[in-house]
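For reference, chains read A, B, C, D, E, F and G in written order, and residue numbers begin at 1 within each chain.
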Amino acid sequence: MNEMPTTVEQQQATVVTVTELNLMIKRRIESDPSFVQCHVSGEISNFKHHTSGHMYFTLKDETSRIRAVMFAGRNRRLRFRPEDGMRVIVIGSVSVFDRDGQYQLYVDDMQPDGIGALYVRFEQLRNQLQSEGLFRADRKRPLPAFPRRIGVVTSPTGAVIRDICTTVERRYPLAKVILAPAQVQGPEAAKTLVRGLRQLWSLEEPVDVIIIGRGGGSLEELWPFNEEAVARAIAQSPVPVVSAVGHETDVTICDYVADVRAATPTAAAELVVPHRRDLALQLSQANMRAQSAVYALVRTYGQALSRIEQRPVLESPLRLVAVQRQSVDYLESRLREALRRPTRLADKRLQMFESRLARIDLHQHVVRSRHRMDGLEGRVRESLRRTVIRMNGQLDKHIGKLEALNPLGVLRRGYGVVYDANGVKILSKVKDLPAGTRIQIRVEDGTVKAEVISDGTDDRVGEQIRLDI
Amino acid sequence: MEQTTESENKFDLTFEGAMARLEEIVRKLESGELPLDESIRQYQESMQLVKFCREQLDKAEFQLEQLSIEHAQADANGSGEVEGA
Amino acid sequence: MEQTTESENKFDLTFEGAMARLEEIVRKLESGELPLDESIRQYQESMQLVKFCREQLDKAEFQLEQLSIEHAQADANGSGEVEGA
Amino acid sequence: MEQTTESENKFDLTFEGAMARLEEIVRKLESGELPLDESIRQYQESMQLVKFCREQLDKAEFQLEQLSIEHAQADANGSGEVEGA
Amino acid sequence: MEQTTESENKFDLTFEGAMARLEEIVRKLESGELPLDESIRQYQESMQLVKFCREQLDKAEFQLEQLSIEHAQADANGSGEVEGA
Amino acid sequence: MEQTTESENKFDLTFEGAMARLEEIVRKLESGELPLDESIRQYQESMQLVKFCREQLDKAEFQLEQLSIEHAQADANGSGEVEGA
Amino acid sequence: MEQTTESENKFDLTFEGAMARLEEIVRKLESGELPLDESIRQYQESMQLVKFCREQLDKAEFQLEQLSIEHAQADANGSGEVEGA
């Protein structure tokens, strides 16, 4: 007690709860492969079949015991009723029931001991063959639809061959059954089964399918069908194999290896051959289908042909022409429309020229020219006329002046001008007028001829007079 | 001689060729682009083309009608057999 | 000679070939793109094809009829056995 | 001669082969891909196949054959029993 | 002799040529740029051109009329056949 | 002889040339720079030009008259036909 | 002879030259510086110049009148025609 605290303290770091501990133990045990699928032999005691369906019991030998449980899902397939005192071989795994901290054996399968050894062999072989892949689904071959030759490996005297023959004859007499006789129990059985299979393979005319089987029996009786040799022979079979061993509940290695497992020999035969009634029906159906297909085809073609025939272009081919005729009519009407166009256009243009020409008034041109010319003429005349008038004026002015300036104007006042006899030279000096000189005297109203009577004297009177003025 | 040439011309002429030519002439006439005398020549030609096309169409219709009748008769015989069979 | 060629032609011709050709011709005719004379030729051919197809169909129907009769007889004999089994 | 070939054909024909061929023909016919004349030929063939199969089914007699075993004592007895059944 | 030259001139002259010349003359006259005597000569020519064109037009119209009548008759015959067919 | 020269002169002379010359003379005369006798000479020339122009104008008027008559007649005929058509 | 000289003189003389000479003479006469005889000579010359000028002017007037008459006549004829048109 005193040490307790220290112990507790020492363990302080690794303290776990009970639940945790049990879980740890459980995990440890379950992870050990030697506790998985182990085969254990012992005697049943304290057997209880609970209402839940689970079986609870203790497995013991002379010196030891272990608690065991077989759940309902497992024990439902048991082919015997376990009871106290019964020696059995169980297959199961060890685990911990964590509520109670009890380890126990969880039983998957159970066989009565004695045959228990066989059972172990069965399991081992099954595992072996399974690991080789012989049970794989993809190895399973389909059965021929219409087998001509059906090989059967079984006892020539058993019910199996009889059931098969009856079924085949009833369903499909076309198939021939070839029996390879074999022992179906006893120590020689496996050998004869293998031989039967080989015989059937090596026939000159090979079989299409093989049925191998026997009637129901104990595990020991069915044992030849669990033999490795038989299983391997079935696996090697070049044709599909149907196994029909025992009753429905009996499962043999053969059943695993075979392409198809049949519950019974009759079922095997039914699987292997079709029923003639079904075939007759199938044939009638095929016949009907072919017929309706071919009639439908002819009908379809007929309809297609009719449809084509009814296409407007074939039914009333004049349409082909009608369209073209419309085109011709159309072109013709356009042509008619266009008929007058060129002349009409030309006419319009010509009329336009005519009207433009009509507007051109050359007459007016002439009249204008005439006016212009008349104007020019008038101006010429006026110009000349004015010149003449102007010149006349100027001349008249000169003339007026000249009139006043006439040197002979004095004559009007009584003067006279003395000219020589010829009336050319004016003689204004006495010395030019010696007596006897013939002279002309110009007076106001004319000229007289005279002769100087006497020489003149110097006379200054004239000068004086002039000065007076 | 002109007549002969035309006839030969028509001989080589197809309906479609004639229609195309016609269309062309109509278009030209409608456009008013042709010289006056050319217009008349073209118009003259177009009239002949119309005539030629109409003749071709009549001929075609006749042929189609014949074929259609022949076929209808053959059909009548044929279908008679089938229905009788 | 033309007749002979056609006959030979038909000899080689299958129903389906004829139908296809027919379809093609009808399509061409409907398109309105064929020259007039070609239209007529094609129509002629189409009529011959229709005739040929019709004959083929009639022949087929006749054969089916025959087969049906034969089969019915055989069936009468045959089915009697089967039903009896 | 054609008849003979067919007969020979049938001679070689297994029930299984006939059924397969029949299935194939029906499938082809139903597919509608066959030409008309081929369809009819196939249909004809299908009828012959049906006939053949029916006959096979009708006339078949069940047979059992027992292989001999040197070592097996019950050999003769077994097969005898079965055939009698 | 002048008359003859004109006639020859006209003979070679097309309607369109005459119209073109007319157009040119009218334009020149309208421009008022021509000398008096040239104006008169051109005016004179224009009158002759107008006359020539008018004649040509009348002739053309007459021809068209004729053609139209001919064609209408031919048509009447032709269409009569067609409708009767 | 003088007369002849004038005629020749006139022959080359156009109405427009004469008018231009006249215009020039007027300008010269109106400028008052010409000597009298020169004035008279120019006047004389101008009178001859006037005469020439007048003749030209008279001739032109006559021609126009003529054309007008001709045209009216041609028109009367021409339009009569056209409207009748 | 004098007459001839004058004439020759006059021949060379222009109206304008004559007028200028007249002006000069008037000026000279007005100056009163000339001796009588010179005055008389000048005066006499002036008289001749006046005469020359008068003649020249008369000639011009004559021209004007002359043409005026001609023109009036021509006008009477011409305008008559024109107005009548």
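Note that in this section contacts are C-beta pairs under 8 Å (C-beta built on N, C-alpha and C of every residue); 3 or more make two chains touch, one makes a residue touch a chain.
The structure displayed is predicted, hence computed values, not measured ones.
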Exercise for review: In contact with subunit E and with subunit F at once: which chains are those? Just list them.
Suggested key: A
Review point. Taking all residue numbers at the subunit B to subunit C contact, is the shared part over half or under half, that is, same or different?
Key: different
**Study point:** Remotest chain, subunit G as reference, centres from CA atoms
**Key:** D
Review point. CA centre of subunit C versus CA centre of subunit D: separation in Å?
Key: 35
Revision key, fill the gap. CA centroids of subunit A and subunit C: separation to the nearest Å works out as 40
Check your understanding: Where the CA atoms of subunit B average out and where those of subunit G average out, how many Å apart are those spots?
Key -> 102
Study note, to complete from the structure: Taking each chain's mean CA coordinate, subunit A and subunit E are separated, in whole Å, by 68
Check your understanding: What are the residues of subunit B that contact at least two other chains?
Key -> 15, 36, 39, 43, 47, 50, 54, 57, 60-61, 64-65, 67-68
Revision key, fill the gap. Flagged in subunit A as touching 2+ other chains are 276, 280, 287, 291, 294, 298, 301, 317, 320-321, 324, 332, 339, 342-343, 346-347, 362-363, 366, 369-370, 377, 381, 384, 387-388, 391
Point to revise | Set of all touching chain pairs, with the criterion as stated earlier | key: A-B, A-C, A-D, A-E, A-F, A-G, B-C, B-E, C-D, E-F, F-G
Review point. Contact residues on subunit E for subunit F in the complex?
Key: 35-37, 40, 43-44, 47, 50-51, 54-55, 57-58, 61-62, 65
Revision key, fill the gap. In the complex, the residues of subunit F that touch subunit E are 14-16, 56-57, 60, 63-64, 67, 70-71, 74, 78, 81-82, 85
Review point. For subunit A, which residues are in contact with subunit F within the complex?
Key: 347, 362-363, 366, 369-370, 372-373, 376-377, 379-381, 383-384, 387-388, 391
Check your understanding: So in the complex, which bits of subunit E are touching subunit A?
Key -> 15, 19, 22-23, 26, 29-30, 32, 36, 39-40, 43, 46-47, 50, 53-54, 57, 60-61, 64, 68, 75
Practice item. Sort out for me which residues of subunit A touch subunit C in the complex. Key: 276, 280, 287, 291, 294-295, 298, 301-302, 304-305, 308-309, 311-314, 317, 320-321, 323-324
